[in-house]
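Shared between the two complexes below is chain A, which has chain B as its partner in the first and chain C in the second.
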Partner chain A sequence: MSQSTQILLALFVPLIGGVLLTIAGRWPNIRETITLTTAGILMLLVWSFLPALLAGERPEAHLTTLMPGLSIAFKIEPLGMLFACLASLLWIVNSVYSIGYMRGNHEKHQTRFYACFTIALSAAIGIAFAENLFTLFVFYEVLTLSTYPLVAHKGDPQTIQQARVYMGILLATSIGLLLPAIIFTYSVAGTLSFTPGGILEGHLAGPALGLLLLMFVLGVGKAAVMPVHRWLPAAMVAPTPVSALLHAVAVVKAGVFTVTKLILYIFGPDYVFSQAGTDWLIPAACFTIVAASVVALRQTSLKRMLAYSTVAQLSYVVMAAALLAPISQVGAALHILAHGVGKITLFFAAGAIYVASKKTELGQLNGIGRRMPITMVAFTIGALSMIGIPPTAGAISKWGILGGALDTHNMLVILTLLASTLLNCAYFLPVVFRAFLLPENVAPKKDHGEAPWPMVLALSTTALFTLAFFFFNGIPIALEMQIYRGAP
Partner chain B sequence: MTLSSHFAILVVVVPLVMAPLVAVLPSRSGTPWLVATLTAFVSFLLAIGVTQQVMAQGVLLYELGNWPVPFGIGLVIGPFAALLLLVITGASLGALLWGRASMNQEVGEEHQSLLYACWLLATAGLVGITITGDAFNVFVFMEISALASYVLVSAGPSRQALTATFKYLVTGTIGATFYLIGVGYLYMMTGTLNMADMADRLSQVSDTAPVLMASGFIVLGLALKAALFPMHAWMPNAYRYAPTIVTVFLAACSTKVALFVLIRFDFLILQPNLGDHALLFTTILMPLCIVAFLVGSTVAVFERDLKRMLAYSSVAQIGYILLGASLVSSAGTTAAILHMFNHAIIKAALFMAVGAMVLRYGSSRISDIAGAGKSMPWTMAAFCVAGLSLIGVPLTAGFMSKWFLIQAMLEIEGIGYLVVFLILVSSLLAVVYIWKVIEVAYFQEPASMPQGEPPRLISEAPMPMLLMIWLLAIANIWFGIDPSLPLGLAGMEVQQLLGASR
Partner chain C sequence: MNIAAFPPSLLLMVTAVLVAVSPNSRTRSIGLAGVAITAVAVGLLPNGLLLEVGFMKYAVALVLNDASRSAAAWAVLAGAALAVFLSPFLGENDRRSAVAGLLSAAFGLGVVFSGDLIAIFLQWELLALSITALIFMSGTEQARAAGIRFLLLQLSGGFLFKYGMHGYEASFGSYLLSAATQPVVEIPGGWALIAGACIKLGAWPVAMVLPDAARGIARSGSLWLGIALPVSALMVLNILLTPLPTEFIALGLVMAAYAIVYGIAARTAMVRMARIGVGLTGLALALGASGSETMGWAITWLLPAVYALGFFLAAGAVASQTDRERRTAEVLVDTDWLWRTGLFRVASALAQVSFGLRDLIAQTGFGLVTAVQRLARQYTGVGGLLSRTWGIGYTAIWVIGLLALYAMIYLTL
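After this line comes the complex of A and B, so read on.
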């Protein structure tokens, strides 16, 4: 199989799986088998690119050309590879989890749920592998639209209301800011291909460049830089597997991935941050980190707290990408991965608690660690990773970001990292404390232990990933270093 | 001479000749529909033939009865006309294939043969306007198509159809009369009705009062026919109360033809000869277009009836089309022509999907179609595709239009940036009104029936309808990925309209 076919296959396999599972909708067991098989095949397809990537190859594929300079084409580079590996790996785990969650909760419309998931995954792979900004935009919009039915899954008026906020903000920013920014870039640079070092140098300078950067950063609403973060807490009305895979991994990571990719391959970090009018990005990201953490501190619902924590963590990536130090930019890439495995664990735990006990509020969680020890241990590992305490994944990526900040003597970033770490402790540790050390205060409706086994399996797997990444991180680091050192 | 050299005239003659024949066919049988559909099919094939010739030659000239041109009537088919020809004949054929069930439900059988005859007359009229090279001939065909359309609209199932028709008739007549007055003045000053001749001779009398009057009357009259804001008042009710099959046909092509004449007349005859006409054209039309798409989209958001909602959306889309043309730049005109084509396939698909729901639910109120996502999944899915295209989501035809329009606006800088922003605001309003429908169809339970009555069982639309709806939905995606057909023709036309220099 040539590399080009393999790339296209990776895009279409989820879609084919989606069609098949819709046909098999009446037989849940067959339907779930199809989901798992599809996820497995996708992961094989994506991960088998790793050796080629590590050897410095850049596999390409071309689908169609709409007009000169505007084509749907794909090219795998280290950053996108990392994102695709993460999404395809976690999709399998998430599918196992979904089966437990959807059945344990007796949800309706399960076929629609799984079908939309496949489209969303295909879109995420499309974003990861996009060769140019136009291709990326196409799949970005597909991702927004395909996740709407997932967010609105429950279908009651309040859910619809929140789903409208979700769709409204994501579409408004992408159509209102991202699209004109793309067209503007196209008309000044004449190309939209992702090129190391950027494509704007010599075409645009000064405040105009800063304005374009602003349009891009706010236009990529999925990166949730304040003030366009409101869609993420709104998305929490979705079933937890959606929040876990999409709103901790695929959708939000697509956002920060896009921003990182824009800075690296459209603007060129060295060029863009040498110009006047672009120095607002790091302060904006710092503000988002601190503000979102403070808001998270005040939340009473577990999932909403996690959502605001995500908002903060996403801005780590944006901030790190904007720091002019290679080590922090590698840190940005690694943080996409580290936060992904950590946050999905936290959401898995929140969903497991909901399925087993129907509890959603922080105040109800006293003593739950004794009923659900595995779940809450996994939760603790995820929380430690968010804070950045060894031996978890978050420690590695934060190390990189901090290293970059120290290299460039950026006091603002250093202080923000410090403050954020403290705030993270302040809102995560009380939950752990409550769960294990306080006596139960709200009696559950019926006696319960752990959630159904597929869920426990899934959340312990991701917790192990979180720990393992601390020790076995050579390959991703080697991969990401290529961005700066060039291919070996 | 071979038959193919006569395609140009046949495309208008065939429906014109078949119309009286259809009128005398027995109404209660299926024959009027069958003959009309076959005629439309032949017209469509002829239009394809003509388009191929145009693509090969650039412009197709045809002298009626071999009379040399200034003395006889000549047909002039440029690339834009060819594209529009495809749209008109395609819409006519598509609507006929789609709408037999809808026609049977909404219109009494005894009138059907007359209606199909009028249908062919309307087609012939619209085709005639598009291909003729004679300014007075345009008026004649305009009246043929307009009178036939009035009859078609008035056949709607409810009595409001008559008042809607009356409004349509009054405005339409005023528009046509204005155009005629304008042409009369121009004839007085130049002594010719042939458009090419007129363009030549007008330079000698360019800044005289009658010519200036004429330009005003012509632009205004055609804008009225095209339903440009604020002259759109006739359109929403005409679309709402006409038989749905008629709405599909008219929405896809009738206002476009008026826009076509406006663009051609203005670019070929008026702008080159009248000193600051191009500037006037921009400064008067551009603000109207901007208001048109803002108001059209806003009203659509608050509209509770599907057909009227789509009609107001059309008001907005006409604003986009003319906005491109009002720039008088090659990028802008390309965008206008492209969007004219794309809007035809978008609106036809949307009205067809809505028509299928009207057929099954017996109502076009948005609140009445709750649960359509479940009972009519294929129809609603196509509605979503076409809706996304209307919004301008990538990989749909609508996106291509937006892309070119925005690029054209960025070219003029300054005020262009503001207009881009307003276009995007209007696109977001389109998201709101399309999503309103999607929410009701997919996420709302059907209203419960009064006690004792069994729940209504709604089934999927009949197969011919579904086929046509999906054909158009796929066309929306096709032309979003490969827009070379409309884009190529638009490019050729722009070369001719504006010359290589501009």
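After this line comes the complex of A and C, so read on.
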């Protein structure tokens, strides 16, 4: 099979799976078997590109040309490969978890749920492999639309209202800012292809470039840079597997991936940050990190606390990508991965707690670690990764980001990293303490232990990933080092 | 891997795991056996660089041995053995504290045998985490707050240390301790390495960290507090600053003074003992900086034994015998006995006469001793202004302010 065919297959396999599982909707076991099989095939397809990428190849595929200069085309480069590997890997785990969650919670419309998931995954792979901005934009919008039914899954008025906030902000920012920015870029550069070193040098400079950067960063609402972050807490009305999809597998990762890719391949980091009017990005990211962490500290709901934590953690990636240090750009890519495995563990744990005990508030979690030790140990590992304490994935990515900040002597970033680390400690560790060391204060409605086994299996697996990444990080680091070694 | 290069810290980690999965009644025997086997392993370690492992793109020197490292390792192990052995005498057989304590000793041992800054940094973070768990174990609200404050401060120290590591690598091209070709204090960021290690040590002005932790910790857990962290931090300071600069005499004496003033003012036995522990660490620093290598080592040896056997044990024993406050060790001891002794009565009288305060005191009934105590309590220490304003979230702001102050002082000077 040619690499071109393989790329197209990676895009269409989830969609084919979606059709099949819709047909098999009346037979849950067959439906879920199709989901897992599709996820497995997608992972094999995506991961099989790794040897070629490590050897320096850049597989390409062309789907169609809409008009001269506007084509739907794909090209796999290291950053996109990392995102695709993460999304395809976590989809399998999330599918196992979803089976436990949806059945354990007796959710309705499960077939629609799994079908929308497949479309979202296909869109995520499209974003990861996009060769140009237009292709990326198309799949970005598909991702927004396909996740709306997932966020609105519960169907009650409050959920639908919050889902509207979710879609309203994401569509308004992308159509109101991202699309005009793309058109403007095309008009000045004459191309939308992702090119190492960027495409804008010699075409746009000074404050105009800063304005374009602002339009892109705010236009990519999925990156949740303040003030376009409100959709993320609003989306917490969704079932937990969807929260995991939003926070770890596809949606927010697509946002920060897009911003990073724009800086690397459209603006060119060396060029853009040498221009006047572009130096606002790092302070904006730093503000988002600290402000979101402070807001997270004041939350009483576990899922909302995790949502604000995500807002903060995403800006780590934006901030690191904007630092003019190779090691921090590698750190940015690694943080997409580290945050993915860590945050999905935390959401899985939150969902497991809900399914087993129906508890959602932090104040209700006293003693829950004694009833659900595996879940809360996994939660602890995820929390340590968010703080950046070894031996977890977060320690590796933060090592890179801090290294970049030190290389560039950027005191604002250094202090922000310190403040954020301490604030992470302050809002995550009390949860761990409550869970393991305080006596139970709210009697559960029924005597319970751990959540259904597929959920426990899924969260244990992602917790192990979080630990494993600390020790076995050679491949992602080697992959991302290619970015700043200048490989095409 | 050469069997002689097997990291001794791994043996203590395995011991911790075995203790965790064994019945409570076996905690002491398994713990002591594990410490003994580790001690044998330390005794068999030859000198030199024994083990390197890959981490990211670096080769990390995980086990490096020499005479001073062995001495510090023996100190950690002696403290660990005492802590395991004495815990049941405090009316508690807390297996969870023993597990966290053994892990802290393991990571402390790891730091002691580290041959480069990456190994020190990573194991210090793990050490801080295990001691935080140890503080958490008593399960009180005080313990929660104290544990988080402890970790915040330790991570800040680690952050500063990492900052210094960057300068070290830029100056010497490597993180290896053996790569240093000039005094660390003379390189860019060298001050941050030292400041980071001092924060880990609990040096002044962050000397409240150990007493603060002691406030919430369980009695059996308290025995572990003074073992791994001070020994490893003193060890690192000794390595980075051989010989310790004479400025450290002043720092050590300030810590000793802190211990005396606030130790007297302490309301609880456990906090008082912890403050005296700070004073001993200060004395160790001062003696180490005085140029007497033997004396420095002796103090390094002495610290854990004194902490574990003498002070925390004494405080714990009072709590155990009186059963005044089982979990938080809020044992009110007679804080006035010292003042009733003749020496202090004479000193107090002299001071009052010298400063012409007799009339004022007579009118207000306000004694010099009381004044000192009130001042001490008002401004710092566990019950002081600083501590009371340490809300968990806002601790971050405090820490940043403190570190910014360090940076400003550094830049100004």
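In this text, the second predicted complex is superposed on the first by the 485 of 488 C-alpha atoms of A that agree within 3 Å, B and C clash if a C-alpha of one lies under 4 Å from a C-alpha of the other, contacts with A are read in each partner's own complex, and residues count from 1 in each chain.
Here is the rule we go by: a contact is a pair of C-beta atoms (placed from the backbone, for glycine too) under 8 Å apart; a residue touches a chain by one contact, two chains touch by 3 or more.
Please read these numbers as outputs of a predicted model, since none were measured by experiment.
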With the two complexes overlaid on their shared chain, look at chain A and say whether chain B and chain C clash or fit. fit
Would you sort A:Leu467 into first (chain B), second (chain C), both or neither based on which partner it touches? neither
Is A:Leu214 touching the first partner chain B, the second partner chain C, both, or neither of them? neither
Check whether A:Glu141 is in contact with chain B, with chain C, with both or with neither, and answer first, second, both or neither. first
Kindly classify A:Leu66 by the partners it touches after superposition: chain B alone (first), chain C alone (second), both, or neither? first
So, A:Ile175: does it touch chain B (first), chain C (second), both, or neither? first
Between chain B and chain C, which makes contact with more of the residues in chain A? C
Quick one: minimum Cα-Cα distance, chain B versus chain C, in the superposed arrangement, integer Å. 40
By the touch definition above, which chain A residues appear in both interfaces, chain B in one complex and chain C in the other? none
Per the touch rule, the chain C residues reaching chain A in their complex are 56-57, 122, 125-126, 129, 132, 136-139, 143-144, 147-148, 151-152, 155-156, 159, 162-163, 166, 392-393, 395-397, 399-400, 403-404, 407
Report the residues of chain A in contact with chain B in the complex, numbered from low to high. 64, 66-67, 72, 134, 137-138, 141, 145, 149, 152, 155, 160, 164, 167-168, 171-172, 175-176, 179-180, 183-184, 186-187
Residue numbers on chain B that touch chain A, as the complex places them: 388, 391-395, 400, 402-403, 406-407, 410-411, 420-421, 424-425, 427-428, 431, 435, 439, 442-443, 481-483, 487
Of all residues in chain A, those that touch chain C in their complex: 294, 297, 384, 387, 389-391, 395-396, 399, 402-403, 406-407, 411, 414-415, 417-419, 421-423, 425-427, 429-430, 432-433, 436-439, 473, 477
